[in-house]
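These are the structures, in structure tokens.
You will see two complexes here that share chain A, one where it goes with chain B and one where it goes with chain C.
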Partner chain A sequence: MSAFREGGRFPDLSTAGVAVALVALPFVLPTVTLASELVVFAVAAMSCAFLLGMVGLLSFGQGLFFGIGAYVSAILLREHGWATLPAVAVGAAASGLAAGMLAVLAVGRRGVYFVMLTLAFAQMGYFAMLALKDYTGGENGLTGVPRPPLLGGLGTLATAETAYGLLALLAFAAFLLVQRVSASPFGSVLRAIRENEARAEALGYDVRAFKIAAFALAGMLGGLAGAMHTIFLGFVPPNVIELEISERLIIMAIIGGTGAPAAPFLGAGFYVLMADLLSSLWPRWLMLVGFMLIAIVLFMRGGLWGGAASLFRRLRPGRTRS
Partner chain B sequence: MSGQVLVFQVLNGIGIGMIYFLLSVGLTMIFGLMRFVNFAHGALYLVAAYTAYVISQLTGSMLWALLAGPLVAALVAVTAERLLLRHTYAMPHEAQILITFAVALIVQETVILIFDPLAKNVPVPDFLSGIVFIGPFVYPAYRLAVVAVAAVVALLLWLVLERTRFGAILRAGSESTEMVSLLGINIHRVFLGAFALGGALAGLAGALAAPLRGVEPFMGLEALGIAFVVVVVGGIGSFTGALLGGLLIGIVQSVMSSLWPEGARLMIYGAMALVLLARPAGLMGRA
Partner chain C sequence: MTEPLLATQDIGVRFGDFRALSEVTLSVMSGTVHSVIGPNGAGKTTLFNVLTGRLSPSEGRVVLAGRDVTRLPAHRRVHLGMARSFQVTNIFPELTVGENLRLALQAVSGAQPWIFWRGVDPDLGRMQAVAEEVGLTARISWRAGDLSHGGQRALEIGMALAADPRIIFLDEPLAGMGIDDVHRTKELIRGLAPARTVVLIEHNMRVVLDISEQVTVLAQGRTIAEGPPALIRGDAAVREAYLGSGM
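After this line comes the complex of A and B, so read on.
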């Protein structure tokens, strides 16, 4: 729950770090599938971490936008024969639009009320999916989503490796966007709102409009992640729009830390790898995650990223802590 | 939809709505008193429903289950408050939400560990398994009993809040906890009492709902979502709001389930969005 660093730079050391990690992941991890899953959820967790770290908005509803992105892109690919890139783009845009519209309803409500509304909207998404079962396949989901070339017949995604290449590029683009926004004047205003809403208002900023814009941007990131999930899996299981995804994204964001644009990669990496390692050993490993979440909130606000950063500072002698 | 079906569905909705009221009133009360949002509130409902399941398996008696469910839920609430939650009162809302969310996750996983992830049926008690005639209408006896129990509890709760010293302290506390503690009242014991009461009410909702919907480990999360809708519709911190919100949501859900079965749950959230547009602070909320 630490805040995004003041006046974050673009690009900085973490930009190179993320690029290197994205290239290395498929070689370091046992399977490309695992690397792809990690990258998809890193973008989704970024959507949560951005809202909490930049604007101070805690959303239990980012899974809704993940789900919308997944379904919209799958329907475009499956029913309308779209190419991959436009389907992903429209999936992300649809989520951004939905997020903007919900933000108009929710953003006026302060604090706790806002959090409750995001959770309610996330539930609504699941029931909307069931109600629209002619389009969404209801509890069966959408199976057999094709993986056509990127655009105009160019750039085939035949193998899991090439698909990972696309997912990694998209994730890098999303990361650059968040880092760029964080370093921009827009980002400064968001931080001002997080620090003191009344003061930002008094300075003449339209706080409501800024919050709606930030929420729409975060929704778009969630939708992008959902569309990436569709490309990755080749089908849409109905659980992509369940409340459980929203919870998972919160957990990833908090564990990774919300203090830097690159932190969600750590959170998503931790969660995805733990799930892979532990789910066969002890299916109830989420209980440990619960205890870990409490420990992080009580004792280690910066999450894994914050912990690593303070370790890094301590190991570099002669530098004073900023 | 014929008039008969409509009346039946409205009656059904009142039953569901009373359960929603019991579920939400503790949440709204605790928020009103200490500005604390308990994301583990649904977990209390879950614990009580499973307690009801176990007791009815062991004894075959739903009456014991209805007593044990609230008791165990209150016990869990009090334990969580003593061990963990009271250390978070001074923290920002986000920290409280994340910690209570983690507690809910731990409870849910514990339930799966002890039982299994599968849904289970809880039998309706024998003496309530029949139907009753209300004028020309046929109605399941158990659902009628739910309405009766919930109405009695709602009345008792209202009396406690309006007519007892504890209730006066609770109401005063939701105006200003600082003032109440300056008057020499141990506010921390009041907080603990509110958690126990809120837990017991959520527990009663869970135990009453168990024979209607069965039990499964994710019902707590679903209940939390419903409770939030009720609180948003009714206005947070308001007893009457929780009652109105609960009944409205219950009736919408029940009536819509015969008009558009797939969309019944969706319409709950549609109702919430409408109320938000018309009255952003909720039906009984103070802006």
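After this line comes the complex of A and C, so read on.
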């Protein structure tokens, strides 16, 4: 059984694993840019994996919250001269708020209707960005976003390495939050809803309120990732709020697996590294990701994380669960 | 006579043109076992869904201890002391027996379900006691889906009991049980009153007539008889409704 299923522990071995990986990434990967991109998308994929793995909600709209976080933080940094940390925090909070409000409309719908609503939200977000081009720059995006110090002039982010340090810390904080929630009473309610919604309601849980809270939390994670993306790039390309981002995040979440809080790191890592390695060799590299997705859905439902975990268990006999 | 704990007034439920319930008026006295019987399709489960809040009636009122709860959602009614089990076994099959019970206890433990900054309380005080009450102590670490049918039914009742309800609704708790389980479960249900009030839907007529104080008979969505078991046994309308069903 995977960790999300039983809630897992906090902290566990994967906590140490994620910490080590975050420190090692810029040294192992060819460039710091690649490492930064990986951690940004790991947080974004976490947002999808959390909803899908913990609550059983498939959202095609997480790209919207990624986009909101990216734009809000960029506007605060560029137009209002905010410091980095508050801009990131408000970007994440704005996405969480937006997600909470949209969830009020969406969580009453189940199954495919819920999915279609999230898809519609994501699509509307893109056109809202175009309509608000005085603020968002429309199809040109927002260029020249500064990267000021963290807070009150302290903690400069002058180099790509220091920026990576910040992104890695934020990613670690997001991971700790998801792992903490997963192993908490709140997390156990979300799992109960995923397992049997009618039963959870009959036990006395306000299923609607819990779903709204979970959706808002996932939106906040998406917004945090978007704000991190702004810090990473120094500009906001309009594609951060396109539907393709939503799609990409779901692909990352499913490839990595939705069974454990650390799994999205594998999914995002796989996708980002494949893009980097293959895109120069073969322009149709996304077909390979497509094959990978098919293979995982058909043969390895737990994703890369689930596959690695069962391999790990097989190599250490006698430690099976009772 | 004292006020009923649960009362309905002229409950009616329509699904399109189909009338599932018409003018059902019911008074459940505190501390009694009150059974609802009737042939298949009489509207028993629909009535349960109205009483527990899964379904809003088209007409009529539901009053719990003097409070109108007709429009109150199911999860809110639990906090007023209502709990239920389901006709079709309705548990969390992938989770352990203990986790099923813990979730039921946690649901009524105030703000506990919203705590996200620390780990779960593994016991919540009464888990062992509830497991013992329904005879599942030895199987508490089993995956709930691996329990026998009787075990799953017992777990259902345990999950309903965990909320420490004033009134508990049991929808065919004996369905599909073996003879030993039937006897044990019957004793369990009988033992719930008078500390709690039990509303029971059941097809096993011997058990119903044996343990109920009051019986309401539904047929085609209407009440055709109401009274203590002795009266129901001799009622002509009931015999008519059950003709050939060996009552």
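Assume the second predicted complex is superposed on the first by the 317 of 322 C-alpha atoms of A that agree within 3 Å, B and C clash if a C-alpha of one lies under 4 Å from a C-alpha of the other, contacts with A are read in each partner's own complex, and residues count from 1 in each chain.
Just so it is clear, contacts are C-beta pairs under 8 Å (C-beta built on N, C-alpha and C of every residue); 3 or more make two chains touch, one makes a residue touch a chain.
No experiment lies behind these values; they were computed from the predicted model shown.
Chemist: Would you mind checking whether chain B and chain C clash or fit side by side on chain A after the superposition?
Modeler: fit
Chemist: In the overlay, answer first, second, both or neither for which of chain B and chain C A:R199 touches.
Modeler: Touch status of A:R199: second partner only.
Chemist: Based on the superposed arrangement, let me know which partner A:V207 touches: chain B (first), chain C (second), both, or neither?
Modeler: The second partner, chain C, only.
Chemist: Determine, under the contact definition given at the top, whether A:L243 touches first (chain B), second (chain C), both, or neither.
Modeler: In the superposition, A:L243 contacts chain B only.
Chemist: Once the shared chain is lined up, is A:G187 touching chain B (first), chain C (second), both, or neither of them?
Modeler: It touches chain C, and chain B stays clear.
Chemist: Roughly how many degrees, to the nearest 10, is the angle at chain A when you join its Cα centre to the Cα centres of chain B and chain C?
Modeler: Given the fit on chain A C-alpha atoms, the answer is 80 degrees.
Chemist: Does chain C touch more residues of chain A than chain B does, or is it the other way round?
Modeler: Higher number of touched chain A residues: B.
Chemist: Look at the superposition and give the distance in whole angstrom between the closest pair of CA atoms, one from chain B and one from chain C.
Modeler: Least C-alpha distance: 11 Å.
Chemist: Does any part of chain A touch chain B in one structure and chain C in the other, and if so which residues?
Modeler: No residue sits in both footprints.
Chemist: Tell me, which parts of chain A touch chain C in their complex?
Modeler: 5, 7, 9-10, 180-181, 183-189, 191-192, 195-196, 198-207, 210, 213, 322
Chemist: Hey, which residues of chain C end up touching chain A in the complex?
Modeler: So the residues of chain C in touch with chain A come to 52, 54, 73-76, 78-79, 83-84, 86, 90-95, 99, 102-104, 106-108, 112-121, 141, 159, 163.
Chemist: Residues of chain A touching chain B in their complex?
Modeler: 1, 52, 56, 58, 60, 105, 108-109, 111-113, 115-117, 119-124, 127-128, 130-131, 133, 138, 243-244, 247, 250, 254, 284, 286-287, 289-291, 293-294, 297-298
Chemist: For the complex, give me every residue of chain B touching chain A.
Modeler: It comes out as residues 31, 35, 37, 84, 87, 92-95, 97-99, 101-103, 105-106, 109-110, 112-113, 221-222, 224-225, 228-229, 231-232, 236, 260, 262-263, 265-266, 268-269, 272-273, 276-277, 280.
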